[in-house]
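Here's a structure for you.
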């Protein structure tokens, strides 16, 4: 949950968890994106390896607590997203974190993506927690018309931003583009 | 849609598409899984590179036609899942196909997973179309209690199957295990 | 187009496009090289994922507008070069961009290079937009004798530059070489 | 040259060369594709490592002999495409061959693609000699309207083929698709 | 435990577990090696993803049941060894399995090896379950003089075998070596 | 041995060796961890390539000197752990060092992990010497009840630390988390 | 030594060693090549890991026995070439063997090539024992004029063989080339 | 040649060449090492791609000029060592350079190492030009007893240096080791 006040009032529907608080800078854009879409969420640290009991409890009870989508980020031998997916029927979105201990993110990526038959993790690009937030929004938008409308506006917004940049580029000599 | 009869009667909610009919054997388990969950689906060939117009049409109109989740499989420089995601606000699940032309699936995997900010693709493991079907089911189950119940049964079923195998293993000498 | 003035006067024959303006520093050497060869060009931002409609329009109409070669740069799951190639019969040169979000350029490289049968992309080295410009020049020189002559001068120039360095190296103690 | 008869009559404009005759099966589709587009070509073995003098001669004189595009295939430490590119101003298309001695094609790919500034090789996918042929055609079509028209027909043909497959898939239960 | 009879009589000190019974052929050499060293063991299927509760129970209670070393094999996003290590203070030996679904074993290897600070897994080579058995023996031999003696004999045996092969090679023409 | 005083008094049971003193910063956490567990150790430089005789002597006599576990770190073509393992029956823990000369640690990792049948090296993650220390402790704890108790406390300590961080995160807005 | 007779008569100047007799088929071309150049050699099995004492003896005494070049092949964590190089001042040629246990040869390659400063191994391509033989010959030819002449003939022979194939290809339709 | 004076007096026996003067800092240790061994050498820039004629001349005439070993360094699609090897019967040592344009050195490494049958390049580790110098010395020492003696001294020197460091480490607390 973003703030304590909101925590008391609004039921979070997305749970953002990460294996270590060192993953927080990488995982923040997921939270920012959910805020932009006005989707209530909670954010906490759950370590598959250092707090396995907490992980089992978090994953097993998430659905009953009203959570609909779990976003899990982890680095190295990243077991959190897959283990959470094994303990819930909710869709789990995995964010491979390129931590200083990881092999440039290759270990994080493969440990999250290559799940066995039966237990999928919806994996996004390395460090792409922003996309995890957007993916969660697109899932929730399936049964939320207001959110679906926001998704369309979001998409149009991205398009407009690029078109504007293309227009600026046309009006200027490109070597001076970044001076604007 | 699995059969023509069903096609006329039931609105498909999942669209399974693939870049080439040579991907069909890899993508079939997605269809089988959706059948097992009684989720109506359609299955067709849409090539990002050979039928770009068809792809634009398919992706742009999928939501209006009642599709809720798109499963897209492709190999090599696999652009289908990402391009479809750029043309819809629906969640798109990407299946990297390890085709004979691909570099052991590494190109398929990276071309689908490493999407830029703003346009996520929910990527599953290489060739894991079965997991794509299960992930679609878990997404749809968020607003479908019957399906949610089936998901739980499915999960319990997997557990029982392993426990049974463990039990057989206990009763027999393992070197003879596969003779049973 | 390099400058607004030129834009009105000269028909560009090469279109340099990139997925994001953050790719501009990597793509500039392509423009510089074309300028050196006096080849009129245009340069703009076209995102396969954020402006798919613009991309379809750009690629479909490029030939009719007089463009002969398209240079497309993109990073990560780099779909721009391949998608443009699917929408035109013009030769498309792809530049894999090693962006901060990419996996050291491996994803960009494979997403551009590993195109399926029927839709080639002429791929150059990671970040090698300078070579994309030279390749475009060599293609255009096939039907432009003046340009063909410039290509030969360019090649001789490179040779001379190396020979000069070899000569300097011979005249000096190498440990002092970079002091010159 | 495709046939001895043609050899005497028609000036080849594309030169297909390969490092070893063991690369012939991989390189044949380039020839087939050029035949389909009625582009006169020659096909021979030129080894950068075993016949360096022949390579220098072939590459240096190709333009004067009327060759416009060179397609060069090689495997392992594949130096042929890059060395030929260093000896001509013609566009050179490189085909990384996945030979039994190569490291799954990774060495071939990197040895051809990662050329230094100044000497580009237009690289296509591993073993994708068919695409090399199509790329050569698209380059030659820039100054050949008849060929340009054939390129469009070729593209439409690919589209129709996929649409037909999609149509068959719609009419049949997909599990029986490959029985047709 | 190798056989039911032994199961009742002898306390197993090594637990060999694997994520799926399809890993059994790869994991058998671990069992064979332990048998050769007369080390009592048990062998069963424990899936981190399909039977998480069983895994928690197995790992948490192993030490109390008298197990001293756990050998865990798994493929793909191989979480079993690391999760078991998070739930016990016993040394855990991980065997990366190169299964048909894995990316040539690279995913298995990285998912097992790259554990975060605090929870090591003693990883052996891909598919090297034989070495897992030997490593377990070397650990147990630290407090078992009889076993330590067997380890020395084992090592001398390997040496003798190579020396014998070298001797045969000396006596024969090597081209006929494998005819012997 | 951590200090000269201790050296005289206490028999070291773990030998930490490394190929070069440039590996010392990477290997220190192993020593720190052993100190935390009150396990006597020695620490020195043994190079497989520059001091092969010293390596043979060190490895062959380690067991007789009372060493029970050897931790060996090395980078690049890292032969030290494997060669030491070939010369002793003690368990050898290998730490792949990501040195400036290594290929991002991939060469170190594979040179240590991929040992042939008969001579295992218990490999930990790249640069994970801390985990090497913990693994050594878990092995020694099998015959040392006091140490076994410390291992449990260590594990509980890690859990508590994460729970505390999760609690702090709950009490604060996460964007301010690192300001605390 | 190729045959027992020769063994008694001729002093071998090249020592071909390999880690296991399973590497023999991969290493034979080195022997064949040396025979072709009439260079006396010996061929035997020396395992760095299973016969470390034999390896130390072999490497330390090779120079004194008259050996001038050592060719060492090994797979996986291939320590033989590097360890031999650490024990002799003779040039050591390393052949990375792509064994069934290796990770497609990547581990063999990196374990042999990435030697630290001070102890080079002259590495050839994966499985390229034939090139190891030729490299040994080129080294020995520096002080053997007869051999130097043979090297030139060998090189000319390779050139002729390619030129002949090119000639045959010119005379025939290439689709029938392999029928000849 | 290290100095102009020496140039006039002493016949160089090793040729150090590199593809670009930007490779000079990486290649200098080869020269330093040869100086240490009093081996006369020359050092210059020869680009396979930008000065192919110079390369052909350099390689073809090196032997006649008295050069005995060629050390060639290059980065990216590094063709210089292999092409030089194809034009001489002298042993060629290849140094893969990890340039800013290379893919972390992987392209340089594979382009140099993976030479086809018949044309070996004695490859050393990425950036390991120092080892290239030592390897050249070991080759020349085969017919130069003085140099052979220096090689032995060099090897003993390395050993002593490590033993000294080990001794210092023993006398000090290791945490203070680098303060010495």
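All chains are identified by letter, namely A, B, C, D, E, F, G and H, in their written order; residue positions are counted from 1 within each chain.
Just so it is clear, contacts are C-beta pairs under 8 Å (C-beta built on N, C-alpha and C of every residue); 3 or more make two chains touch, one makes a residue touch a chain.
No experiment lies behind these values; they were computed from the predicted model shown.
Q: So if I look at the partners of chain B and the partners of chain G, which chains show up in both lists?
A: Shared contacts of chain B and chain G: D, E.
Q: Between chain E and chain H, what is the separation of their C-alpha centroids in Å?
A: Chain centroid spacing, chain E to chain H, equals 43 Å.
Q: So, what's the distance in Å between the C-alpha centres of chain H and chain D?
A: 37
Q: Measuring centre to centre with CA averages, how many angstrom lie between chain C and chain E?
A: The mean C-alpha positions of chain C and chain E differ by 53 Å.
Q: Taking each residue of chain B in turn, which ones touch at least two of the other chains?
A: Residue numbers touching two or more other chains: 20, 50, 76-77, 101, 103-104, 106, 109, 113-119, 121, 125-126, 128, 158.
Q: If I apply the definition of touch given earlier, which pairs of chains qualify?
A: Once each pair is checked, the touching ones are A-B, A-C, A-E, A-F, B-C, B-D, B-E, C-D, C-H, D-G, D-H, E-F, E-G, F-G, F-H, G-H.
Q: Please name which positions on chain B make contact with chain E in the complex.
A: Against chain E, the touching part of chain B is residues 104-106, 109, 125-128, 158-159, 161-163, 165-166, 169-171, 173-175, 177-178.
Q: If we count contacts the way the header does, which residues on chain B are in touch with chain D in the complex?
A: 2-4, 20-21, 24-25, 28, 31, 43-47, 50-51, 53-54, 76-77, 101, 103-104
Q: Which chain F residues qualify as touching chain G in the complex?
A: Touching chain G: residues 19-20, 48-50, 52, 56, 75-77, 79, 82-83, 85-87, 101-103, 106-107, 110-119, 121 of chain F.
Q: Over in the complex, which chain A residues touch chain B? Could you list them?
A: Within the complex, chain A contacts chain B at residues 68-69, 89-91, 93, 109, 113-126, 128, 130-132, 134-135, 138-143, 148, 151-152, 155, 158.
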